[in-house]
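Each of the next two complexes has chain A plus one more chain, namely chain B in the first and chain C in the second.
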Partner chain A sequence: MQNITIYIDDKKLEVESGKTILEVCRNNNIEILTMCHLEGVLDVGACRLCLVEIEGVNKLLSACTTKVAANMVIRTSTERIKRYQRITTELLFAERNHMCSVCVANGKCELQNLGYKVEMDSIRYPRLFPQCEVDTSHSWYVLDHNRCIMCTRCVRVCSEVEGAFNWSVKNRGYQVRIISDFNTPWGESTTCTSCGKCLHACPTGALWPKAIVQGQLDKKPEIIEELMAKRKMGL
Partner chain B sequence: MDSKKKIATVCLGGCSGCHMSILDIDERILDVAKLADIVKSPIVDGKEFPEGVDIAIVEGSVTSDEHWHEIKLIRKRSKFIVALGDCAVMTNVTGMRNYFPLQEVIDEAYKNSVSNDAEGAEPNDPALLKLHDKVVPLQEVVKVDFIIPGCPPSADTIFYVLFEFLNNRIPNLSEVNKLKYG
Partner chain C sequence: MSTEIVSSEKEIQNTDPRIKLIAAKMKKENYKADALIEILHTAQNAYGYLPMNILKFITKELKLPPSRVYSTVSFYHFFSLKSKGEHTCLVCTGTACYVKGALGLLDEIEHKFSLKPGQVSADNKLGVQVARCIGACGLAPAVVLDDEVHGKLTNEMITDSINAKIK
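Now for the complex of A and B:
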């Protein structure tokens, strides 16, 4: 691959072309907040947390889906970006029902950690408080729509890594929901292999095993990358 | 002249857990007492919220007419309001009834619940507070000056915030890694 010169936060970098801005930042220890990005599966640019400023481009672009180009001038932590990150985080909390104190993921949740990172002390927007279903029909696993942030990490892991295609998405806007098979209870799925990968991929308390209680959730999203590597090698 | 600051603590729609956390300050309450008087608190007495309070620490959300009037009064009579705990800040457990119509929630508690007697009468004494349709956090009703999330916030966090304010410094929870939900 050909090397190109780019500038990130006033630092001059020689990087391989064809990489995303996110990859380059992670390789150079430049912090980018992400939520829908998961190592091992394709990026979709859903959460809008990884937005960066690029000189000459009016709108902010997502670092996970934008590739570097020669002489790009990128900024990752301007006041404008920080403001958007905080707003995005608050909206993620406001859209569904996040009551951390009674959530299975309390203390082990990527969304909570994101809140701390963006210094969120409260949610400034009115909360929707939608009535959400909790699907407990699977013998071992639970899908709690109250805690889902629609990152679609579960959808991509199930299709790209496991190859089962159990999860997909229905509706749009605030009515958007993750569905199992053709919008049927998870326990009745004819595609789910009960591999449990989606549980590890899920950043919040939306997908979890029934066999655990609060404080014991042990998600390992990093195994997805390993599993994908093995899959590519045909193992 | 007494230069001590006046602190008040109040519990609105909360479980008193945040006040338990205040008590967990333990002997550090003596450091607070050197700099401030606690003029109102569930652990002090039950009188009306006094005038001229410097720091009002409020636990719990606004769930009823009574809470609504109380927080308005607190705002009028205090220089500084600290929202203490997830319920005060983002409704937390008290907000879980917001997904349902109020009457359904009341019926569930007083009529349908298995633990009730046969009639399942809904409490309606005029002295009781009137529940609002939706529970809201403090900052949706009044201006809040400082926010401590957490269910409950730790005693360390509460003491840190109090001590900074009493020494005329502005605390910063992010800076000292004390932000916490749940």
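Now for the complex of A and C:
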């Protein structure tokens, strides 16, 4: 791989071409907020939290799906970007029913942490309060649609890492929901191997094991990356 | 975990000529996963909607994950998973049936039941749909009432058959 010069937040960097802006930023300790990105699976650019400004490009682009190019001038924390991050976060909260105090993930939730990060002190949009199902049909696990942010990390882990393809997405717009098989209860899935990877991949309190109670969730999303690294090494 | 995914062509209903149409389409497309949408079109054209057992059949033949097929179906507004009305009358308007009087049957239905294709009666008892060739051309004009194929129909016969269903 050849090296190219890019500029991030006025810092000049020599980086390998072919990397995404997100990879380069993480390698250089430049903070980028992400939600749908998960180490070990492919990026889909779904959450729009990682938007960056690139000189000469009118639109904001997602750092996780945009590759660096020679002489790119990138900005990661302008007022415009901060404003968008705050809006996006508030909309994530407004779309479903996020009542942190009674959530299994309270204190260990990536969405909650994001709220702190962008200093969200209120939600300026009307909450949708949709009627959401809680699928408790699996013997060990629960899927609570109230807390799902449609990042599709579970979908990608289940297909790319476990190879089970239990999860997918139905409908579109605000009616999108995660589905198992033919929109069948999870417990009746013909494809789920009950491996539990999706639980660790999920950033919120949407997927969790029945064996825990409120606030006790302990997710380890990093196991996905470790697993994939081992697999690449042939272990 | 539990429930088996149905099923081979035989297991579904080998009396239903529409299965053959879908099977032929899949074969023509070489069971390629990326022909899914076209195959779903064929199925929806033959049934007026996508019955669950047909979706399962297609899923199995194309060796696709169920979730991917369901996801595709739910994404496009064109596809429908439900038939409308407690009973459905699907009139074939393919070439053979057209020539043998399908439009006459539709006129008769509109006259007797005040329903045009795509409509459902106010009491939700009867829904009328049209399909483009259900694979029973030898029986033209053909109509599928619920799941039964009725062939060589006259105007009187269609009214009687429908009445027998919805009474």
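To be clear about the criterion, the second predicted complex is superposed on the first by the 232 of 235 C-alpha atoms of A that agree within 3 Å, B and C clash if a C-alpha of one lies under 4 Å from a C-alpha of the other, contacts with A are read in each partner's own complex, and residues count from 1 in each chain.
Definition applied: a residue touches a chain if its C-beta (ideal position, glycine included) is under 8 Å from a C-beta of that chain, and two chains touch if they have at least 3 such contacts.
These numbers come from a predicted model, not from an experiment.
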| query | If you stack the two complexes on chain A, which partner ends up touching A:F129: first (chain B), second (chain C), both, or neither? | reply | first
| message | Touch test for A:S159: chain B only (first), chain C only (second), both, or neither? | response | second
| Is A:G187 touching the first partner chain B, the second partner chain C, both, or neither of them? | second
| task | May I ask you to decide whether A:G107 touches chain B, chain C, both, or neither, giving the answer as first, second, both or neither? | result | first
| query | Of the partners chain B and chain C, which touch A:Q2 in the superposed model: first, second, both, neither? | reply | neither
| request: Considering only the touch criterion stated at the top, classify A:Y116 as touching first (chain B), second (chain C), both, or neither. | output: first
| request: Using the superposition described at the top, list the residues of chain A that contact chain B and also contact chain C. | output: none
| request: Give every residue of chain A touching chain B within the complex, in rising order. | output: 93, 97-103, 106-107, 112, 115-116, 119-124, 126-127, 129-132
| query | Which part of chain A faces chain C closely enough to touch in the complex? | reply | 159, 165-172, 179-184, 187-192, 194
| remark: Listed in rising order, chain C residues that touch chain A in their complex are 1-5, 52, 55-56, 59, 65-71, 74-75
| request: Enumerate the contact residues on chain B facing chain A in the complex. | output: 83, 86, 89-93, 95-96, 98-100, 134, 137, 139-140, 147-149, 151, 173-174, 177, 179-182
